[in-house]
Amino acid sequence: MWSCDRIRIPVCGHNRVVIILFTDFGLAGPYTGQMQAILHQQAPGIPVVSLFADLPAFDIEAAAYLLPAHGKGFPPGSVFLCVVDPGVGGARPGVVVQADGRWYVGPNEGLFALVARRAHQASCWQLPQPDGASASFHGRDVFAPVAARLARGGSVPGEAVDPACLDRPGWPDELWRVAYIDHYGNAMTGLRAGAVDPGAQLLIGEQVLPRARTFSDMPAGAAFWYENANALVEIAVNRGRADSLPGIRVGTPVTLQVRS
Amino acid sequence: MWSCDRIRIPVCGHNRVVIILFTDFGLAGPYTGQMQAILHQQAPGIPVVSLFADLPAFDIEAAAYLLPAHGKGFPPGSVFLCVVDPGVGGARPGVVVQADGRWYVGPNEGLFALVARRAHQASCWQLPQPDGASASFHGRDVFAPVAARLARGGSVPGEAVDPACLDRPGWPDELWRVAYIDHYGNAMTGLRAGAVDPGAQLLIGEQVLPRARTFSDMPAGAAFWYENANALVEIAVNRGRADSLPGIRVGTPVTLQVRS
Amino acid sequence: MWSCDRIRIPVCGHNRVVIILFTDFGLAGPYTGQMQAILHQQAPGIPVVSLFADLPAFDIEAAAYLLPAHGKGFPPGSVFLCVVDPGVGGARPGVVVQADGRWYVGPNEGLFALVARRAHQASCWQLPQPDGASASFHGRDVFAPVAARLARGGSVPGEAVDPACLDRPGWPDELWRVAYIDHYGNAMTGLRAGAVDPGAQLLIGEQVLPRARTFSDMPAGAAFWYENANALVEIAVNRGRADSLPGIRVGTPVTLQVRS
């Protein structure tokens, strides 16, 4: 995973499998807990980490761009259980994806489009329509048992299909909008910082924002953009909240400021 | 636990014990973490899952009807640590309940009434009044150590008493009101779907609601009731929020619409 | 850890190490999960508990007084990963602290001042400035790997320094203000109850508050102060919310009411 060269922490010889939850289920309520219970029962001893429980509700596109940015630190064998599923109970198929050695399980409504598009190697399996599952909670009844099975090293259920079915050809390579607002009010975009000239200024709402390396390089109260710890462009205000700037919310477009 | 017949996931031979937290402590703050720390210390290697940390505060009745609905998927040996406890520090006794092979630990103020009433077999033990515990956090100081002990297979502390002490005779078999509003704005009731004719319409506030199988069977924006993944009646709006309908909040009564 | 004498729960012979998270990262978003993933990878089999994820944002002083109050129940060998870090990316050093046998890891901006000041024995090591870390997420990239290493029993990285560098000499021994508001609206102060005469009345805003042993000793709706389960002075209202009293929020001063 991430490493810090100078401190030179020895990483354990065996990379332990971790199951990672990536959902819009919300922090509240029983849904994450019910999935965790299945995972602990069916994959004993394997840690379960909730990475996002509060992805923007039903916003598959935002989730699809956040997933590769947050997944790339995880070692091969990691299992991502991903559910943003407005179509639950309908005909949309469930899939298993293997991309660069990591596993992804969830509904195929676009959620894995960018993971698959950016992978060096990707495979895909389509899960059968479940008979015994509830109509409204496939995360618990379908996808969690599959994730547990993969984490245990079991065989992939379902039928191999062309991973091209994962892509959404109309979706761009970068998502030029706010994809998530965090606890501090920082506005995370779906735009990789590597795709933007470091000297560029960004325009969001009526704000023109310079780039900074990090918070402490800016005066208190100043708005800026920076490359966040997951290599995405993020809008922030040092010791303030970017989401209190006018018009900044999930969905707000970000563009390059063209110099006149 | 839940299974999905067609995918035929092999469940592990040994059902692992899981400790399940079921509280109104809130997601924020140290309380759930302090209980988890005790459990990890005193029951090493046993997973702890927070099922609900945000039950409606002090609403024992709502919790009492949500508990059996959310507990029935768990295998025998599971230990539920349940705390909705407005009377903490007073004279109300703590209890251990064994119902259909599952364990429940918490204050006896009605929380286990429906679990006990609906069980094929129920036993109850009353815990002694604790001497060394804080006056305000029996979840950590009294109930968590007992839950850890039960999860480890230890003997039941306390004195066997008649499980009739758990019931609240005045409480109905179904709770005809909203018991919980989830992250999506869905309004979960304490009413089992099996107790309602599938063709029935429900009346909540001034809304008359038809039944649907699931979200994707309804047009966007339409309100309906359905049997949720825990077999309870739930009020929902496809791609919308039921809690933005007038008057829908925890406590709002639900009734059968009588055809005129 | 905490024990309850009369129930006499046998504590396991081996005190298991637990890693405890103590941050202002918020419950939402990926930050706690990303740290947990590192910890599970690099310290396999060691439980990770989130004690606080919602400390008042950037309020190092409040966190510094809450830390010893919430840490004292944990056994020697416990590892606290503590991040309230408005200066992330700047020149402030990271430290490892050993105080009365417990480990603490995080940025040295005052967070460990009270832990060190109150300890019978304290040692301190300064971490090198990291080269490979992100500029904005040292919790994940610097401090979590160190916490994992300490939990595994590894040697302390960094250079031993005088623990006097941890203190903030201008800070008082007790924090006479609200340091945290919990889910129920209770206002936790940074003031140890043992420092206040049990017969004292406290003044907060325009309220004069008597002491009570616990909630159920007061009539519904009555405001009072009490010694909470972590030995801090807390302002509460029986079956009500202290944070709906006028002017009570994080930062509100509390004083002794002087009898006239």
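All chains are identified by letter, namely A, B and C, in their written order; residue positions are counted from 1 within each chain.
By our rule, contacts are C-beta pairs under 8 Å (C-beta built on N, C-alpha and C of every residue); 3 or more make two chains touch, one makes a residue touch a chain.
Remember, it's a predicted structure, so these values are computed and weren't measured experimentally.
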| item | value |
| --- | --- |
| Numbering shared by both copies at the subunit C-subunit B contact, with half separating same from different | different |
| Size of the rotation, in steps of 5 degrees, that lays the CA trace of subunit A over subunit C | 120 |
| Computed distance of Cα centres, subunit C from subunit B, in Å | 30 |
| Touching two or more other chains - residue numbers and ranges from subunit C | 27, 54 |
| Contact footprint of subunit B on subunit A as seen in their complex | 25-31, 33-34, 36-38, 40-42, 44, 57-58, 86-90, 127-137, 140-142, 145-146, 148-149, 154, 157 |
| In the complex with subunit B, residue positions of subunit C that touch it | 1-12, 14-16, 18, 20-21, 27, 47, 49-54, 70, 73-75, 180, 182-184, 213-217, 226, 228-230, 239 |
